[in-house]
Each structure stands twice: as C-alpha cells, then as structure tokens.
Amino acid sequence: MKIGFIGLGHMGNPMCRNLLKHGHKLKVYDVVADLARKLEKEGCELASSAAECARGVEVVITMLPSSPHVRSVYLSEYGVLKGAKSGTPLIDSSTIDPLTARDVAMEAKARGCPMVDAPVSGGVGGAEAGTLTFMVGGDAADYEAAKPILQGMGKNIVHCGGIGNGQVAKICNNMMLAIEMIATSEGMTLASKLGMDPKVFAAIVNTSSGRCWSSDTYNPFPGVLENVPASRGYSGGFGADLMLKDLTLVTDAAKNAKQPVVLGALAQQIYQKHSNDGHGAKDFSSVILQYMKEKA
Amino acid sequence: MKIGFIGLGHMGNPMCRNLLKHGHKLKVYDVVADLARKLEKEGCELASSAAECARGVEVVITMLPSSPHVRSVYLSEYGVLKGAKSGTPLIDSSTIDPLTARDVAMEAKARGCPMVDAPVSGGVGGAEAGTLTFMVGGDAADYEAAKPILQGMGKNIVHCGGIGNGQVAKICNNMMLAIEMIATSEGMTLASKLGMDPKVFAAIVNTSSGRCWSSDTYNPFPGVLENVPASRGYSGGFGADLMLKDLTLVTDAAKNAKQPVVLGALAQQIYQKHSNDGHGAKDFSSVILQYMKEKA
Amino acid sequence: MKIGFIGLGHMGNPMCRNLLKHGHKLKVYDVVADLARKLEKEGCELASSAAECARGVEVVITMLPSSPHVRSVYLSEYGVLKGAKSGTPLIDSSTIDPLTARDVAMEAKARGCPMVDAPVSGGVGGAEAGTLTFMVGGDAADYEAAKPILQGMGKNIVHCGGIGNGQVAKICNNMMLAIEMIATSEGMTLASKLGMDPKVFAAIVNTSSGRCWSSDTYNPFPGVLENVPASRGYSGGFGADLMLKDLTLVTDAAKNAKQPVVLGALAQQIYQKHSNDGHGAKDFSSVILQYMKEKA
Amino acid sequence: MKIGFIGLGHMGNPMCRNLLKHGHKLKVYDVVADLARKLEKEGCELASSAAECARGVEVVITMLPSSPHVRSVYLSEYGVLKGAKSGTPLIDSSTIDPLTARDVAMEAKARGCPMVDAPVSGGVGGAEAGTLTFMVGGDAADYEAAKPILQGMGKNIVHCGGIGNGQVAKICNNMMLAIEMIATSEGMTLASKLGMDPKVFAAIVNTSSGRCWSSDTYNPFPGVLENVPASRGYSGGFGADLMLKDLTLVTDAAKNAKQPVVLGALAQQIYQKHSNDGHGAKDFSSVILQYMKEKA
C-alpha cells in the first residue's frame, strides 16, 4: 500500500521503517527537511509539502507535536486536505486535545476523507520495536480500515469509540498515571522515612489495595525494581516534560468541559516545578526527587 | 491457648469467635460492658478491667479505636502492663500512629513483655470470614510467636520489619489507596464527560499504565464492575470516615517525620469535605460523588 | 469625538451611555443585533459589521467576552482592521489572555493602528456609575491618547507598561484575590468552628498580618460587614463564574509561561466545583459556602 | 509585682528585661539552666523547678515551645500547679493548640488559679522593643487582670474571647498570612514572567482587590520594598520554620474540628518542602524562592 507519512523524528522515523518492513511504499514529509533525507536513503519518496505528500497515496498518517501543528498540517493552504483525494483514509497519531481532533476530522469528512485519531503509548522503544499501543477514535468502519496499517507499527490496536476518543483515552489514562506515580513517590518516601525497608513496603503494597502500575511495574524508588529508570538514574523511559505536556492537555480539556480534576491540576503543578528544577529530560518517575532531601 | 482480648464490637467480636473456633479459650474486656456480654454467652470469660483481662493468660490481643485508647489500655493504672505476667506476648491490632506503637512497645519491653503491632485490612467482612490481612511490626522471633495466633483470625500474615512498621505499612498503603481512588474518580468522570463510555475507558486503563486496584478491582463509577459498592449505592465496604481516620493518621505521621505528602494532604481534605457533605458512612469509593454534578 | 463601540450588553451599554454623556458620538455594533437597537433609540448610529463600525470613526473601543471573539472581531474578513483607517487608535477592554492581546496588537500595528489593551475592574455597578478602573497596556504615547476617552467611562486609568500588561495586571491581581478570598473563608470558618466570634476574629486579623481586601472590605462571613454580598445572600457583586473565567485565563497564561501557580491552580478547581454545585451566579465571596456544613 | 517567669531564650529573655524595666521583680526558671544565669546577673532570682518558680509570686508567665512542654510545665509533679498558691493568675504566652490551652486552664481553675492564654506576634524584634501584640483568651475579669502586666512587654493587648481563643486567633491569622504570602509570591512571579515590572504590578495590586499585608507591607519580591527581608536576602524577620510550626498547629486543630482548610493544608506542605530544601532559617517570605528558577 502507498502511504503518505508526515511528521518525522524520534517517533516518526522508526514508525516509517516498520511500515517499510511490512511491505508498504512511503512518501514522507517534515517541515525540517533534514529529517526526511535519512528516510530517502532507506527507500522513501520525499514530498515538498503536506499537500503533496497526501497526493496520490492510499492513506495518510501524521505524527505531530501539538494541536496547532495538526490544524496547520491538515487545514492550511498547503495542507493534507488540499492534496488528498476524496475517500483517502487519514490517521492522526499525534497526542493533542480532543476538540481539535474532532474539529479537524469534521473538516476532513466534509471533503470526503474518513479520519481517525490514533495516539500512541509505548515511547521511542515501542516505536522501534513495532510494539506501540494505538488508542483509536473513529467510526467502527474507519477503525477497521485503519487497523491493518496500524498493525504494521504496533501490537495493541484498541477501539475507544467515536472520533476524539483516542485522545480522551490517552490523556485521561496519563493523568491517572501521573497522579499514581506521585502517590507512589509519596508512599515510598514516607514509609522509608518512617523506618521501613522500601522493598518490603513495595512488596506489601503490590499485594494490597494500594498497588498500581507505578508501584508494581515502574517503581520510582531506586533499587526496588531492576531494569526501570529508577535503577539507572532516571535515564530513558518517558520524559517528565512529555508527561507535563499531557497534563497540560488534560487539564485544558477538563477546563473546557467544566469538570474538576483537583489532583490532576496539582500533578500538573508538581511536574511544572520538577521541570523548572531541571529534571524535564529525565524519566517521569524522577518526580520522586521532589520528595527526597538530597536532590539529584 | 488462653487469650485475653480487649476491644470488642464490629471487628473484635467476630475476631473472638474465630479464635474460639480455632480452639482457644478467651477472656474478654471492653469499657462498654454490654459488648462483652454477648461473648460471655458464647463461652468467653469476662474481665472487669484491662489489667485483669491480661492476668493469667498466655497472650493479650487488643483492637482499639485510636492512639490515646491504646496508650491508656496498656499504660494506665488498670492497664494491661499491670496485669500481664513478664514474658506474655502482646499483640495490638489497632490502627494507630507508629510513634505511639513504638512508645507503648518500649514500655512493654521494659516490663518483660514482647509486643508486636498488627493492624488489619479486610474490614468487618474479613473479620467474620477469618480472612483478614495482618501487617505485623516487631522482632522476627516475636513475629513468629504471634503468627499462629493471628492465623486463627486471618489469611495473610505479613512481616513488615521492626515494631511500628505494621502501622507504617498500613497507613502508607491506605494513603496511596485514597489518592488512587480519587485519581480513578477524576479519570473516569472526565473521560465520561469528554464523551467516552466508562466501561470502555476502564477496560483500556486496566491494560495500560493507569491501572490500579481502584480501577480494576473496586471501580467507583456506577455500572463498570459488578459486586462493588459503586453498583449498590456505595453501601457496605470500607467507610469513607474510616479512610478519613487513616488519612489523618498518615498526614500526622508525615508532619512528625517532616516529610511532604502533597497529594496525601489534599486527599485528607477531600475526604473531610466528603464526610461533612454527609457521605461518611458510605463506602470510600463514593468520593467520586464529589466529581459528579448530581450528587447522591 | 466619533467613537466606534463593539460588544454590547451588561457592561457595554452603560459604558456607551457614559460616553454619550461626555459628548461623544457613537456608532455601535454587536453580533446580537437586538443589543444595539436599544442604543439606537438613545442616539447611537448602528453598524452592520465590525468593519463598518470601525469605518469613519476617530477611535474604536471593544468589549468582548473571550480571546477568540477578540481575534475574530479584529482580524476576520469583516473585522475592525478591514474598516479602520490607518492611524485610528484601538482600545480593547475585554479580559483575555495576554498573548492574544499582543498578537492582535501586532497585526493592528502592521496596518498602522496603535492599540492598547484596557481591561476593567468594577463590574456592572462601576460601568453604570462611570467609576471603572482601567488597567492599560501599551506604549506611553498610546496610553496618553487613550486616557481622556477612558476617563469618560472610568475613574482610575492605570498604565501597566507595554501592550498586554493590562491583561497581566488584571488576571494576576484576580488570581491573588481568589486565593485570598478562599484563605479568608478558611480562616473565618475555622476560627468560628474553634469557638471564636467571627466579628472579633475579623477585627483582630484586620489589624494584623493576615489582613487583606477580602477580610477588611469584602468579608465573606455573613454578618461581619454590612453592605457586602455576604450580608444579602451573596447577591450582586462579582459573579463566581466570572472569577472562574479569570482563573482559567490566568492558569492558562501560567502554563504557557511555564510558571507554577500551585494555589492558583487549586483555586481554579475550587471555583469550578463551586460553579458545578450551582453557585456560579452568586457573588464570588460565596465560595465560603464550600466550607460550611449547611450549604445555601 | 513579683512575677514567676518560665521559659527563657530569644523571646523570654527580652520579655523579662522589659518586665524589670517596668519595676517588677522576677523569679525565673528554664530546663536549660544556662539560659537563666544571664538573667540572674541582671537581678532576677533563680528557681530550680517550675513549681518553685511559681511559689510565692503574684503571677506566673510561661513562654514555651510546644503543647507537650506546656502540659508538662503546668501539670507535672514539679509543675506550676504544685507551687502556685490558689488565686495566682497564670499567663501562658506559648503558641500551642487551643485544646491543650483549654485543658490546662481547666486543671488550673480546678486548683483555684485563673488562667489566660496570651500568644504573641511581633517576633524577637517586638520582644526586645516591648512592642509585642498579645492575643488573649480568657474570662473578661482575668483578661483585665493580665492586661497591665502584659503592657510591660507589649503594645497591643487584644481580648479574643474565652480561654483558648488567643491561640485560635493567632494560628488562624497565621494560616491566612501563610496562604496570602504564597498568593503574593505566585502573583508577583507570574506577572514578572509575563513581562510586567514587579514594582508596577505591586503598586497596582496594592490599590486594588488583591492587596494584602504580604503585598503592601512585606512584599517577598526582591527590590519592591525597602527594609523588608526580601531586600536583604531573607535574613531576619519571622523564620520559615516558625511558620511551618504554626501551620502544623492550625492544620491539626482543623482536623480535630473536622473543618476543611484546603489551601491551609497545601501551604503547610509547601513550607515543609521549603524547609527540607534548606530554607527553614530564612524569613518566611523566602517561600517565593519555590517559584523562582534560580534558587538561592
């Protein structure tokens, strides 16, 4: 299948490579032309604009950093909707706010192009290994059409309901994750300060009602688990600044929906301070450093 | 074995009955004399004070509502330490602050009585079914001595380290639990408000990084899981006021230890408001009502 | 002077009437045509679009509900910049985010029109009495040019620095105000619960380090001050939903600036809940009801 | 008048000196004997216990660091109530929790001694200059009896109502103060980050609804006011750790009263973190450093 792919870099490039491996043909575009050149050597065709990238392909995939980028890449004068033939399926894998996802999809539909939002989790590691999870929002038929293509880049392809719900699932999950990571940080550091061995405490919590993914799979306390960022100085993993971005998206969405998210708003503040303290590039479990007297 | 049991009621009475079933002999005491009388009919000996209850038994178990009660029952003029023979093992199953647990155990040790703190989780249901979890703090030998007795009332007997650590494990676990329950409430209500089916959202979270016990086993959103308090009007379960009590204990312990617990302190405030709004007797998952416009 | 005024209603209409009283001639426009008709009877000329309203006048004033409205009224195909002659001073009295204020002013400048942002405080009462405070952002010369016109509608005309700083001053002041109102609510209700007479407590605070405008001029506890909303069931005054709008603006601005505002974010959450509880139309000092057991 | 004074140090010693200046005779005691010796050289009589210090004097004044100290100094075997003659007025100037103040006063009353609680504000500077403010809780007659003595050490002597209300007034005022100081820190740093001159912003706030003692008299932003701690590296003033102590007292009192204090609880957390970051000895306005990227 011939695919137009827009938005390259740490995530986009390995996603493209996996599509090539699955036998697809690629036409690629990025505003930063250098990012595309590497892929040209690996057999991709280069496009000179988003519109051109969407012209003559059977499906378009986008992977962009924020809502304004998505709006511009799809809707501007040289955007996807100017190039894509009516009926071309569009897949946006950016993490953006659900309202923008729904707006852009509505414009796409008006020009005859079915669109799904399909944000990912799994990070750069998952992109390289082809094991990403895609949370897909869109009509059932559009989801079914996108599924085989997404399977070329990921392992779990989950249907979340109508358009925009891929974004809702992702940002609401990540809000819970951020709060739970801070909860685990507070519980672990307090138990330790009160005299318990952190490993013993983690073992008890993990068979009890306090357990969560942050405590049993990604524990932030150094030395409790092997092969997690906490055991290698918080390198690798999912960056604190990326978590901050998702917390900003989710608290914005909550404001628009007039829905309180008290702990979510406070988690956003804690990650903002953590980032300002110079830890934004570390894994997001490094937020535990906010609770330790000797900071890294 | 002949056991002195002090502190009756919803938890104490079924614990006593299970000890009887396991073939122990019981001498019981409570400041509210009526609570003991029921047990007399079932074959327990009555004592007229804590000291007398501790006299001539092989082990003493206490189940009391708060730190001052524990201090008084053990240390007052008519307290356990006045009656217990040197060498008698003492087991306190109350949930109290770790400092009090350590203070009282030190006094007990000074009079020759080894003591463990052994707070429980599992609630009235677990007490009746004999399936409580005991989190035990104390020396290894004292833990081993207490274990067979505790097995008469519970299923999981966990050693948490030195004296006081049973309390630490319990209150730190419950702080994490409270925060995660609120996190789940915020995530579920926001996803729903943004247009997702709550069951679909829960299913995604529960196979993703946001999963926790509150989302996958005890989901607070009505209709997502069967056989949880959320599906029966938040009746039964673990009362919001009991969670408030534990949050008060843990934030006090954090203050004494000079350890920040930002989300823990906020969770305490949210449960205080929830209680003042008239929901204290409901299950603690009812905190989600704070996030729903039409309150129960 | 001939003035174009865009954005009518509770604030805009009395502002127009005061300009008429000061001898100005008015041309008015609102998307809701009915709002303008009342003013027609009072001697204003009607315009059929923002562009037309700006055509042939000596200055343009706008009073709009949000950032997207300002962007559209100034920059759209039928917007102010299409109609205003080069050199026409533009005054935007809307409360919006500082970035939008700066963006729009830059576009205006590019077409030769000097622009200031001049959000107000003082509410409907101040608009009617002509006693509004204007916080003005813009170059010194533009501020001086706008000042005599603003004096037709207000009493205090304050220069806050460059363009956008009127907005900054307003939303940062209101964030402090919201936090201090909640602080006063917490202090007053706690002192009362702990046994103090609220009037005695207020008198002490107001001569001590805890004093603030919310405690000494606008106390939220019923009966402490006369002639404040708290003494008439929280009617009149500055609506809780308007405070919520400003808190949303200021926390958005803080996010964009990557600046933590921990109490500000929590205040936004508290006002969101207060609004969802049905109190949005009451004066913003009614937030104290969140701290009283018997809610109004 | 012959006065027994218990609890010496930075506050107690200058208070004693002012009493001497006013012509009183002093008998002094502190558990740290060295603290009393300095005063002996200045003409005070030394006592060897609290009981002895209270024996044969016409009034007893205490100035102690915490609730357990007050309980012990008054109620222990060698305490004030063992030495004071029935009818001797007792004045406790410690800042402690209101419940302890009321408990101890009840015991004192039972032995015939009228007692008032009279915590101070004004710090070491006010103690030295004799300009302290005393917030007095107690019956009107007892307040009147204490007043002339307190005037030997302070300038404002305020009656707050019944026993314990001195403490209530002090800790509730200081909770408001802490929140307002953080509010001012957030407002000042955000306005500055958004491009306003901090002095201009402060000037606007201070004539507007956001004004408070922290903004107009004790502004935490360096360079805005002269002669405040912010303009000398946060030295001098009221230490952040003392504010933390008061916040701990007030949030404990709120818990006992089952009264939510959401921003108060968060302020306590922010000051705890500030202290752990190494700023506890600085003036409490240094909390603004939590909001500045380059920390002191």
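We just call them A, B, C and D in the order they show up, numbering each chain from 1.
Here is the rule we use: a residue touches a chain if its C-beta (ideal position, glycine included) is under 8 Å from a C-beta of that chain, and two chains touch if they have at least 3 such contacts.
Model, not experiment: these values are computed from the prediction.
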Those chains which touch chain C and also touch chain B: A, D
Over half shared or under half: which fits the residue numbers at the contact of copies chain C and chain D, same or different? same
Compared with chain D, which chain's mean CA position is the farthest off? A
Separation of mean Cα positions, chain C and chain A [Å, integer]: 38
Computed distance of Cα centres, chain D from chain C, in Å: 40
Intercentroid distance (Cα basis), chain D paired with chain A, Å: 51
Which residues does chain D have that touch at least 2 chains other than itself? 259-262, 266, 273, 276, 290
Which chain A residues qualify as touching chain B in the complex? 98, 121, 133, 135, 156, 158, 160-162, 164-165, 168-169, 172-177, 179-180, 182-184, 186-187, 189-191, 193-197, 200-201, 204-205, 207-215, 217-218, 250, 253-254, 257, 259-264, 266-267, 270, 290-291
Once bound in the complex, which stretches of chain A touch chain D? 273, 276, 290, 293
Which chain C residues qualify as touching chain A in the complex? 248, 251-252, 255, 258-262, 265-266, 268-269, 272-273, 275-276
